[in-house]
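Right, I'll just put the structure down here and ask away after.
Think of it as A, B, C and D in the order they're written, each chain with its own count starting at 1.
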């Protein structure tokens, strides 16, 4: 973890509810895709934890969804403004397990951390991106520019596969596709479905990134604990990424 | 009282501890010199009440002293920033009583409201300005530009009369000067001394502007009450200016 | 269209938004700013038998997300309220008003209500809110609100002085507020309102002395909102009479949280002091905010 | 030069700044961020006899100028603390540490202290802070801290388990905290620390349910600072033993206010969670801030 002052270089809307922010500053604290940052906002006591979408020498890219007052106020932050940010929080994805045919599964606001994972992968990933409808779709081109093969699923069928990410996975499996390992992030119902279909039924091991209401974000307050096969873990510090084998589902 | 959004057009330092801010916006709520405005600052629950130094069609000028975190943060506000302000608060000075030879007595941060009073006066005022030392002196030229005759007193004698405003008043009296009415603002010890020397001993009636810790600033919370000959008064609403005859000193 | 109406002890009010006593004077001064008839009602300045100046100043200290006050029930006394304040209010407010009364003995509480209730202004009054929880007066005040037996004795004393609903305003400075609320309900209180201010203090680092002349004062503002919600929630589960929720409410969303905690109506206090239009804004925002969260009417289920 | 040293139950500490239990883990994780030997000491995570996961999540809710937590004493249990946590801490912290202990029975409190006191790690411990005020556990926890007799029974049970000073951590969720403090002093407590968190709650407007799985939680942060100051002031006047002040302290100026209220030392809690360097910054700023207000040493007179 590193604490630093970061300058907003971009803050633009991608979809009706999703925004991208680019922060310029020290990235030396970031070690792996799947880690997150924790942003201090004026007028709010707790920081806002947001997963890292991309990081390079210029700075950090995050994609955030407007859910409450904090994220709503973030959309009004002007370029050039400085923010107090904790970076490189949590343990991210371990890409050594990717194998030749890695599968990335992202749902809605859970998609961003998969971007840096895809960019850092040696082998070409298949990426399943799930959205409620076509209005919410973002970052398909960006993933394709990385050379990834992207499959989109929308709950209302307005684009790509009609249904959830697990329906897209079923179609790929039925087409004879196999995968060496998977990486996922998204709302808990999606994670549970992925765990059931891809890990349990599909027999593919993977790494899942979890969300939880956090106090500190760096392991001090025990606010975001989770029971695992290896004992009690802190989502913010020991996670947010956990292996399918660790879960008690 | 009027609530409005005002834009900072100037925020510059006059002395080591005193700053001047010019606010652009609706001035229609301001009716008399001696009134004050109440400024909402981010991160502070209560507004900051500050007396009006000047007001014209362009906006409001205030002069504030850095006393705590709130006023300290005010010094960092950039030109162009908008502030939520309540204007035209309280009852100001009644200039109809000025007569031909009005006397204005201001101490330190109590000087600003006298500027607008001097500017609005029909007859040429004598202005006694008290400071701790010469570093703190401000606005002498501005008063003189209004045609006022200015007498400076410094506690350490580093400029003008050595001593307090009451010492300067004594010198004027001994020189045979007489005054028709006085207007004053400053720290309570100074007000008490002025009350004693100018009103009681000097026999000159006047109007005194008081300071008190305020809640709302517009008469709702009863936080800043004061006992007077005419019953309980609210410094923020019935004051901040009270006549010497009303005081129970 | 959503319906913001609520019933408060048999009186239907247009919305549950009620400026709290001590933050709204006797109403008419806010009527210069906006039409206060948009409010559900409001609770007027705590009134005692005799005129009171209250405590010495300073009476105000700023706090993180809140403020301390130690006003100590300054008011012109019940007779002056009947003679001056209420007739002035009558010209600008045409709804039943909540009469907030305080005292230093059970007899005083009863006498203040009796005089209001028998006055020519009585028709203006919809409810009596009996403040047994002022932390800023010595003898009486909060001491009535921190002991179930004393709270009961006040209710007993005032219960038969009027046919109008009696609301007891409770103190949060207690180990178990439900115990006090139940004692009030048992003696026939028609409702309880909570929370009054939390007792707090601040020091002036320069003088090294308490900022408030009264040493301690009552904390109000958003800082106390979570404590208020918890106590409203506990009390609403413990009694059958309506619970009026207050404490740091500053927005229509805060009002909805209070209603979800079990409040029958909501008082808005310190917010009126920072933004004189706060209560009007909350009333305006309420329908839209209810719609946003799929609430069509109260109670929220 | 100013002198920041204070005496805490016969042990002189370099400054009165003490990260509070539950906000600093077992210390060694903060040692990765800065040299924690700059602190007066710190109070480690509340430790019970058995390992505990604590309450279900969500356990955190944001509030104006503060936060609610309902962690519920998650900890690895005293034996694991002796085996794993303290040896790890020993490598990075070379001052006496404050051992925070909790229990669900008077026997458990006593047994936890006994095991720590007889362990090979006992020399690391300078004080025991006995938490009788956790609002987030059912049975035990806060119930010990809201009744003078029960508080006294805990002190009685632990008093002779160790020769080290025993500090009782008190709950603010009471009508009269001085009554509890006096009961602890009478039974031989060496000091009291206060305030633990104020019980509060928040609702999720979308689900219309409490945000916390545990329904209620403990409020901490600047929001509670004025209440903490008031209780420290009252308690310091009521007892002769030292009072450790805590509750929303976030700056060196807050530390000085607490000392003016009568605190012998000051714990820093929630501030550590928002800024991991908060306690270090407060230690750094303290001398300069003391100088600014003309304070050369403690106690502030």
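Things worth noting here:
As a convention for this text, a contact is a pair of C-beta atoms (placed from the backbone, for glycine too) under 8 Å apart; a residue touches a chain by one contact, two chains touch by 3 or more.
Here the structure is a predicted model, which is why all the values come from computation and not from measurement.
Ranking all chains by how far their C-alpha centres lie from the centre of chain A, first place goes to B.
Between the Cα centres of chain A and chain B there is a gap of 58 Å. Per-chain Cα centroids separate chain A from chain C by 47 Å.
One inter-chain figure worth recording: chain A and chain D are separated by 36 Å, centre to centre, where each centre is the mean of the chain's CA atoms. Multi-chain contact residues of chain D (touching two or more other chains): 61, 63-66, 221-222. If you sketch which chains touch which, the chains form one closed loop in which each chain touches exactly two neighbours. Pairs of chains in mutual contact: A-B, A-D, B-C, C-D.
Residues of chain B touching chain A in their complex: 42-43. Here chain C touches chain D in the complex through residues 61, 63-66, 68, 146, 173-175, 198-203, 205-206, 208, 210, 215-216, 219, 221-227, 229-230, 233, 248, 253, 256-257, 260-261, 293, 300, going by the rule given at the top.
Across the interface of their complex, chain D is touched by residues 1, 3, 40, 44-47, 86, 212-216, 218-227, 232 of chain A.
Within the complex, the chain D residues that touch chain A are 22-25, 29-30, 33, 45, 53-54, 57-67, 69, 71, 74, 211, 221-222, 270, 272-277.
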